[in-house]
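Order of writing sets the chain letters: A, B, C and D. Residues in each chain are counted from 1.
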C-alpha cells in the first residue's frame, strides 16, 4: 500500500508540473497572445482616455479668449500649492475697474493630478489634458503660465 | 545602523534584507539573525518611505486630505479614499446617493482584484516563478484601463469625494467591466494550472509561516492574512458600509493557518469580488453621483472612526475634530503595519527561503506600513 | 555530402605534408583552441538570445527586437555593455581568489568541450573514458562557485556558494548514476563507442523503462547541477539578491554568466549523446527509404538539433516552475532521485545481462 | 453587548472610570496607573474578551497628551475606546504589549512620534525615525522642522 501511495504521489507531482508546462507551452507557440505595447513606436496610434489626468491646461478659443475670472478658487482648492493666481485690474470701457488674471502660474512639478482644482473652478476655465510626456531637462520648464499672452476673458463669463 | 550588523557573539549570522532587496518590493528593511539557513529572529526597521501623512493631513482641508491617502496603500487607493470619505460623511452626516454607493462598491472590488492580481504575480516571482507576473499584469492592465477611463488615473485615482464621486461613470464603463469579467473568469483557471496546483509551489507554501488564530488576533492581523488563520475579520460582512449589506458574497475563511491558506484566501476572494461586481454592474441606479455639500466642510467637534476592508485588511480612519476646517488629529490604522508585526513570530525557525514566501503571502505594501 | 570530417581530414593531410609532426600537433592544438573559444562565444551569444526569446514568448512578451533585425544582435550589444562596464572588486574581498574564480568557471567549461562529438568523426579528443571525464571535470565547477562566494566577503554570496556546494555535490550522484545506466547498456565509457552502439536505435527507445527513468533523472540532475531554475538556489534572486555573484560586475560577471550557458550546452550535449544517439540520425526499424532520407541530414545538424531540444526543455522548466527550498532540494535528491536511480541501475544491469534490450 | 451593558459591567470592574458617550462607541477614561490591571481584565473577563486592539494612538492636546486604545472583541463583536490622559512634559504609561502583541510596534511608533514612555516595554527603540534622532517628537503640535516643513 505504501508503495502504491508513493508512486501515485510521484505521478501526481509530475502531472502537476506537466499541466504548468502545457500552459507555458501554449503561450510559447501562440504569439497572438502577446500584449506588448511598443511605445514609443506606437505614438501615433496611442490614444489615452479622454479623462486622463495629465496636466492642467486652460483652453483658449480662436479669439484667444479664456474663461478664467481670477477668483482663486483653484488656488484655494489645491492641496500642495501648485497653482498661483496673479490678478490685475482691467479698466472696462465704462471706466470701471474689473478684476482679471494677469497670469495663472501652474507648477507641474508639484502637481499630483488630484483634479480638485478642476472641480472647484466655477467657470470651467481649466481642464485636465491627457498628455503624459512631461519630462524635461530643466526643472524650471515645468513651471507653466496657463493663460496665453494677451489673452482676454470670454464675453459673458462672470 | 549598518556598522553594528555582523556576526553576533554566539556565531549567528546577521544579514540585512532590504532596504533594497528584490523580495521586499519596496524599502522594507528587515534585519535577520540566521543560524545557517534557519531564521532565529526578524527585526523590521521602518521609515524609509515615511512621509508622515498623518501630520500632513492636519494642515489639509477635509476635501484635500483624501488624495494623500491614495499614496498610503497605493494598490487599494480607492478603498483608502473610501474610508476617508466615509469618515467625513459620518461626521458631516451627509447622505450619499445610492448610485454613488453602488459605483463605489464596484470600484472597490475592481481595485481589490487588481491588487490581488499584482500580489499573485509578485508573490510567484518571490517564490522563483517569473512567468505569472506577466500573466497577472495582463488582467490588471484591463482594470487599469477601466479606471483610467472613468477616474482619469491608473493608480492614484482620487475619485471619491465627501458626499459621493468626483465625476459620473464613463458611458463605456459597464460594457468594459462585463468584458473584463468574461475574460477574467477564463484566466483565473490558468492561475491554478500555472501556480496553485504546482507541486513545487505547494511544497513551498504548505506548513510554512504558521500563524495561529490566537496569534492572528493578538497581533491585530486583518484581511486575508487573518482569514487564512480562520479568523473572521471581513469588515464588509461584520460592519457593512456602502451597499455591501445588500449584496451576496461569502467571507472566505481558510483554516490552514499557513502560507498556502493565505494564498487560497486571496485567490478565492478574487472570485467573490467578481461575484459582487456581477450583481451590481446591471443594477447601478440612476440619480445623482454626488450629494449636495457645502463649499467648505467643517466637521463638528468630536471623534470619528470608520473602517473599511482594503485588499490588505482593515483600514481604520480616526479623525479627531475641533470643529475647524482641518482635522485636529488623524490616525490611519493601516493593515500592513499590524500584519508585519506578526512576521517575526511566523518566521522563527523556518528557512530563509520561507521568509520570502511569508512576506509574499502577507502582501506587504511598504508605503502602507510607513505611511 | 558536405561533412565536417572531410574538412578536418584534408586540413590534417595538408598540415602533415607541409610541416613536421611536432609542428602539426602544435598548430592543430592552436586551431582547436581558437575553435573552442569561437564556439564558446558563439554559443554564449546564441543561448542568451534564445533564453530571452523563450522567456519572452512564454511571458506573452516580444523579447529583444531593437538591436539588429529581429533583435538578433542583442546579445552582442549586451556583451559590449559588459565589456565596457567597470569590474569592481570589493575592498574587503580576497582579491586573488575573487578575480580568479570566474576564470576557473570558464576553464572548466572549456575543458568539458574536449570529448564531445559534434558530428560524425568530429571530436577534439576521443579518450576512452570520455563520459567519466565529463563527470569528473564538471564537478570542479563547484570550486569556482565556492571560491567566488568566499572571496566576495559578502554574506549573501557565502550563503549562495554554500547552497551551491551542497547542491552540486548531491546531484552529481544521481547524474552519475543515470549516466552509468547507459554505460551499462553500451558497455563502454568511450563517447564514440556509446554513439556507435546507438546506430540501430537510440538508447531512449531501446533501453526500455530504465533508460526512460534515467533520462528523466538525468535532466533533473543536470538542471540542478548547472544551477538553473527551479534549482537556482545559488543565485535565488528573491532570497539572496544574486547569490554567489552578487559582488561581481562587468566582464567578471559575464564570465560566470557565459560559463553557466556553456555548462548547459555541455550537459545537454551529453544528454543527447547518451540518450538520443548523439549525431546518429533517427532510424525506424526496417523503413529503408525513410532511414535513407534521414541519413542525408548532416550529422552535425542531428547533434545540434538534439542538443538544442534539450536546452529548450531546460529553459522551458526555468520559465514555468517556482524555485525549491534548500531542504526540499536535498530531500528530492537523497530521498527520491538517488534511491530511484540506484534501483534503476539494478534494473538496467539485469536487462543488460539478460540481453532484453534491442 | 450594547454600550449600556458594557458600561454597567465596566463600572463593576473599575469604579473609578469615567465615561464619555458622545461618539459611536463607549469611551472610557482611566488613570494611567490603573490601566495595566484594567487592560488585563478587559482582555480576560469572560463576557468582555476584548482580544483585538485595532488601533492604538496618541493625541497631543498641547497641555496634555491622551492615549487612545480602540478595543474590539472577535467573539462578541463589541467595541470600546479607552483613553488615558498623560502629562505633556513627562508622559508615561504602562505598556500593554504583553496583553495585545500588536501593541509592541504600535507603542514604538507612539514613543518616537509623541515621546510617550511606555514602562516595561521590552524593546522601546526608534522604529521609523532614523537612528540617532535627537530633538522633538515629530507628531507633537509644537514640532517645527525648519528644513523640510512645507508651509502653504
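Heads up, the rule we're going with is that contacts are C-beta pairs under 8 Å (C-beta built on N, C-alpha and C of every residue); 3 or more make two chains touch, one makes a residue touch a chain.
Because the structure is a prediction, the values reported are computed rather than measured.
K.L.:
Under the touch criterion given at the top, what is the topological distance in steps from chain B to chain D?
P.N.:
1
K.L.:
Among the chains, which one keeps its Cα centre farthest from the Cα centre of chain B?
P.N.:
Result for max centroid distance from chain B is chain C.
K.L.:
Just curious, how far off is chain B from chain A if you go by their C-alpha centres, in Å?
P.N.:
Roughly 24 Å, centre to centre.
K.L.:
Taking each chain's centre as the mean position of its Cα atoms, how many Å separate chain A from chain D?
P.N.:
42
K.L.:
Distance between chain B and chain C based on Cα centroids, please, to the nearest Å.
P.N.:
About 45 Å, centre to centre.
K.L.:
Could you tell me the distance, in whole angstrom, between the mean C-alpha positions of chain A and chain C?
P.N.:
Chain centroid spacing, chain A to chain C, equals 51 Å.
K.L.:
Residues of chain D touching 2+ other chains?
P.N.:
152
K.L.:
Which residues of chain A are in contact with two or more other chains?
P.N.:
Only 17, 20, 23-24, 35 qualify.
K.L.:
Can you list every residue of chain C that touches 2 or more other chains, as numbers and ranges?
P.N.:
58-61, 319-321
K.L.:
Note which residues of chain A are touching chain C in the complex, please.
P.N.:
10, 17, 20-21, 23-25, 27-29, 31, 33-36, 38
K.L.:
Can you list the chain B residues touching chain C in their complex?
P.N.:
Within the complex, chain B touches chain C at residues 13, 15, 21-23, 37, 124-131, 133-135, 138, 194-195, 198, 200-201, 203-204, 351-356.
K.L.:
Quick check: in the complex, which residue numbers of chain D touch chain B?
P.N.:
22-25, 27, 51-55, 57, 59-60, 68, 70, 74, 77, 81, 100-102, 104-106, 109, 127-131, 138-139, 152
K.L.:
Could you please specify the touching residues of chain A with respect to chain B in the complex?
P.N.:
Going through chain A, the ones touching chain B are 12-13, 16-17, 19-20, 22-24, 35, 48-53, 77-79, 112-116, 119, 128.
K.L.:
Touching residues of chain B toward chain A in the complex: what are they?
P.N.:
60, 63-65, 67-68, 131, 138, 141, 145, 148-153, 156, 158, 161, 166-167, 170, 190, 193-195, 197-200, 202
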